[in-house]
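Following are the structures in question.
Each of the next two complexes has chain A plus one other chain: chain B in the first, chain C in the second.
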Partner chain A sequence: MNWINAIIQGVFLGGLYALFACGLSLMFGVMRIINLAHGDLAVVGAFGVWVVATRWHLSPFIALLLVLPAMLLLGYMLHRTVLARSLRSGPLTPLLTTFGLAIVIQNALLQIFSPDVHSLGSLTGSISTGSWRLTSQLSVPYQGVLVLVVAILLLGALQFILQHTGFGREMRATAQDPETAELIGVPASSVYARATAIAVATAALAGAFLAIHSTFDPSSGPTQLIFAFEAVVIGGLGSIWGTLIGGIVLGIAQTIGATLDPQYSILAGHLVFLAVLASPRGRLIATGTAIT
Partner chain B sequence: MNGLIQVDNLVACHGLLQAVRQVSFAVAEGEILALVGANGAGKSTLLRTIAGAHPATSGTIRLDGTDVTDAPAYRRVASGLALVPEGRKLFPEMSVEENLLVAGRRARPGRWTLDAVLTAFPILKPLRGNRAAVLSGGEQQAAAIARALMTNPRVLLLDEVSLGLAPVAVEAVYESVHALIRDRTTLVIVEQDLQRALSVADRIVCMLEGRVVLESVTGSVTREQVTEAYFGLSRVNTSSAKAEHSLGQQ
Partner chain C sequence: MTNSPNPATSTKWAVLRSSPASRICSGAMTLIGAALLAAPQFFGANVVQQLTSLFIFVILAMMWNALAGYAGLVSVGQQAFIGLGAYGTILLSQWGVQPYLAMILAAVAAAALAAILSLLVLRLRGGQFAVGTWVVAEAIALLVALDQGLGGGTGTSLRGLNVYPREVRTAFTYWLTLGFTLLLVLLLFFLLRNRTGVALQAIRDDEEVAASLGVRVWPVKFALFVLAGFGCGAAGALTLANTLFIQPQSIFGVQWSAYLIFMVLVGGLGTFEGPIIGAILFFVVQYEFADLGAWYLIGLGLIAITFALFLPRGLWSLINDRLHIRLLPVGYHLLYPRVRGPGRGGA
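Take a look at the complex of A and B:
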């Protein structure tokens, strides 16, 4: 029973990781940028929701609805001001830029909010603590189901946008061949800016759910970045649903590892990640495929 | 009167190499201009610079009087200039229809809709759902031209549309080009096949090592004259009548 519980918990944890991985995957797929500030942007989102929820005594979910448009704007401006210029300077510059951004964000948050650890779990009431009892030994937490459902909805929405809307087609075309896309009238920088906006908004969404699921503080970003990155690699670059599968595999690896010994949980995740990277599939990933 | 495209003293470089040296010419509305020259003459670079895919080092490019030299490529497309790039360059993981739709999304108003384009290129109709990467060379060329047309351009730049295609496929491509010609679309065609260029175009411009060495109405120039300019024979004092004759056989 312990194992089944672990797997169920792993699936739900995977939903959270998929939420994190989604934005990272999008930015890499569309514009070949590995956003090293992704985890920290998620923490910004978490703090945003926390501030709005505590100051105006709103449910974190309502606060999230208010914070998301602001994060969309933040992502858009981030690209227009910083990332667009970095892209012009070659493939390594965006890496440096986002790394610097990560440091700036962490320290700014530290300055504004102090190192105190926060959580939104207490503000969401029964959602974060309640669960369905399936049997005397198996329970399914409300919150886990919520995160998984949100992840599936988000990924489904992204898949729909990419496959069936004009904007999505432009993103895919720009991802595959930005120069030719410009030659048929698609403004690459505008496409990139909007993709960044979506990526940052999904990061904020993931950050908010992390805050509900557990705790966060100004330095929580890098850990989440690593998990997101591992989920993307395990699931395969360029595949939307691969992101979900990658997240779930990572989550299950961690929870099964935890069942063996709590110390092993994160290590188990790393080992699965390394195993995937060493496989033939890993070599494919290293060459980087566009979002199809 | 200025042409629809007016190029003045255009210089374009690949690093330190000047690929386009002080090129000036004009294309009038409704005209078919053939741009010929050997490999490396600078034809593709010239077209790409006009379209905005390659930066101009100096000189000006005017589209219907407006200076577009520094405008990004997508803005030139919005002003009515479309390039069918060398090598087709379809988006490989997208279907033919999606390739067309991407171009049509921000298109200028005009007669070229998805249905109009598929009717004009019937070869594409059964292929519309297929991934662009699996199309044959001729089919890809048709799709690339169709895609450029979806933007409803005022002037279409065709870069080596017969490159790498079987003769049958080339015939098919030029069939559609003839349809465009009948339609009074302004065309600039880069073509290595002199015979074809002379038969299709109103005017011919020959380039050699980045410069324009011949510019003429196709009616008043012979193949031999173009061939001479093509190979720069008039610059060298060695050609015998025999050599000229066999080269002219091309």
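Take a look at the complex of A and C:
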């Protein structure tokens, strides 16, 4: 019964990781870069929601609706100011600049908010604490279901945008060949800026759900980036729904590890990631694409 | 070395390895190296300890630059090998190995582990490699923290070195650091001077084109990754010997990668001299500003971003572009006739 419980909790945790992975996967698919500040941007979003919710005594969900447009704008500006320039100087520069950005964001948050641990759990009331009891030992938490539903909706919406809208076609065209896309009137920099905006907003969404699910502090970003990356690789760079599967596999690995011993939780996730990398499929990862 | 024709009279093109500057500098570096060997004779233990940490930075910056600047492999996980070198030394000295011998063996063990891990992480490229190495470092840090014999999460100290008087200990650690630095400079120098160096730069510039021209990509990347594992392992072991106490959170911390990126970007990515300048600069910056805490790290991050965007080849490129000086003859440069007069073109 313990194991079944661990698997159920793992599935919901996987929903959270899929939320984190979504933006990372989008940016990699469209621009071929991994944004090393992705986790820290998520934490910025979490702090934004926390500030809005506590200052004006709003529900975190309403605060999230106010913060998301700001994060869209932040992502757009991030591309226009830093990423656009770094993309021009070769494949290594975006890595170096986003890593520098991650250091700056973490320490700026540390300076503003102190290293204290925060949570939105207490502000969301029954959603974060309540659960449906199936049996005496099995329960399904409300917020777990909520995160999973949001993750499925977000991934579904992304899939729909990519496959069925003009902007989605522009993103796919630019992902395949930015120069040729420019020739037929799709400016890569504009597509990149909009994709970054969406990616940063989804990161903020994930950050807010992390804050509801557990706790966050200024140094939470790198761990979330690593989990998001593991989810993307386990699920296979190449499909949007693979991201969800990858997140769920990672979540289950962590909760089963935690059932054995709380110390094994994160380690178990890393080991599953390394096992996938070592498997014959790992050979294909470097050449994989995130958007097809 | 090519017989260099006199630029004033010759009308022929020539490709040169060395120049007067690089010859003078190679000689000067040999002299400086000899002078540095004698440093413990003249300075106290505190200065020697500081010099040791400077050379540890030089080793680390050179290794990170070898990966990123020459093979195009941006690693955010070199702290895995730094930590392995340190904890390897602890483990070996617990088994009764003499501490200084344990440090050398631990560096070799880090290289061996790099060889094994390369089978996994060299499957990745670009950003995937960066995060992949980071995951490996985190996993190793968690494994080490689980082992109570190595002090668990609270850290441990190298007791074997306490038997030596402080002056002797710092001097020996310093000489060993200098020895490792010299060994790695020479290894890297010869690696970059023969055809591997050309292959590496071709891979960095475009891996697929390099492969299609017949460069065997994998062995070259493998060699550099193992070399960097060895160098970072040595740097970790030396850090332990210099401070005598380590904690898994700090020795396996990702802040190492932040320091390395800062040093190499500011000094000059993909140049031989750049990381050395960057390491010296970082040493000074850390000495002056580390007390500022978060602001210090914000400053490091902002400077690294600025250099990546506006001066991607670092401070060394400023010197090199204006004066065309190469202090060490690792590359080739073109000597072309200076023709003055109409109708006769030079490039």
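What we mean here is this: the second predicted complex is superposed on the first by the 290 of 292 C-alpha atoms of A that agree within 3 Å, B and C clash if a C-alpha of one lies under 4 Å from a C-alpha of the other, contacts with A are read in each partner's own complex, and residues count from 1 in each chain.
By our rule, a residue touches a chain if its C-beta (ideal position, glycine included) is under 8 Å from a C-beta of that chain, and two chains touch if they have at least 3 such contacts.
On a predicted model such as this, the values are computed, not experimentally measured, just so you know.
Trainee: Which partner does A:Leu274 contact after superposing on A: first (chain B), second (chain C), both, neither?
Mentor: second
Trainee: Under the stated touch criterion, which partner chain does A:Leu66 make contact with: chain B (first), chain C (second), both, or neither?
Mentor: Neither partner.
Trainee: Chain A residues in contact: does chain B have more, or chain C?
Mentor: Ranking chain B and chain C by residues of chain A touched puts C first.
Trainee: Give one of first, second, both or neither to describe whether A:Gln176 is in contact with chain B, with chain C, with both, or with none.
Mentor: A:Gln176: touches chain B, not chain C.
Trainee: In the overlay, answer first, second, both or neither for which of chain B and chain C A:Arg32 touches.
Mentor: second
Trainee: Check whether A:Ile127 is in contact with chain B, with chain C, with both or with neither, and answer first, second, both or neither.
Mentor: Touch partners of A:Ile127: none, neither chain B nor chain C.
Trainee: Where on chain B is chain A touching in the complex?
Mentor: Contacts found on chain B: 51-53, 72-74, 77-78, 82-83, 85, 89, 91-94, 98-99, 101-103, 105-107, 147-148, 150-151.
Trainee: Please output the residues of chain A touching chain B within their complex, sorted ascending.
Mentor: 166, 169-170, 172-173, 176-177, 179-188, 290, 292
Trainee: Tell me, which parts of chain C touch chain A in their complex?
Mentor: My answer: residues 68, 72, 74, 76, 119-121, 123-128, 130-132, 134-136, 138-139, 142-143, 146, 254, 257-258, 261, 265, 269, 294-295, 297-298, 300-302, 304-305, 308-309, 312.
Trainee: Using the touch definition up top, name the residues of chain A that touch chain C in the complex.
Mentor: Those residues of chain A that touch chain C are 28, 32-34, 36, 82, 85-86, 89-97, 99-104, 106-108, 110-111, 222, 225-226, 229-230, 233, 263, 266-267, 270-271, 273-274, 277-278, 282-283, 285-286.
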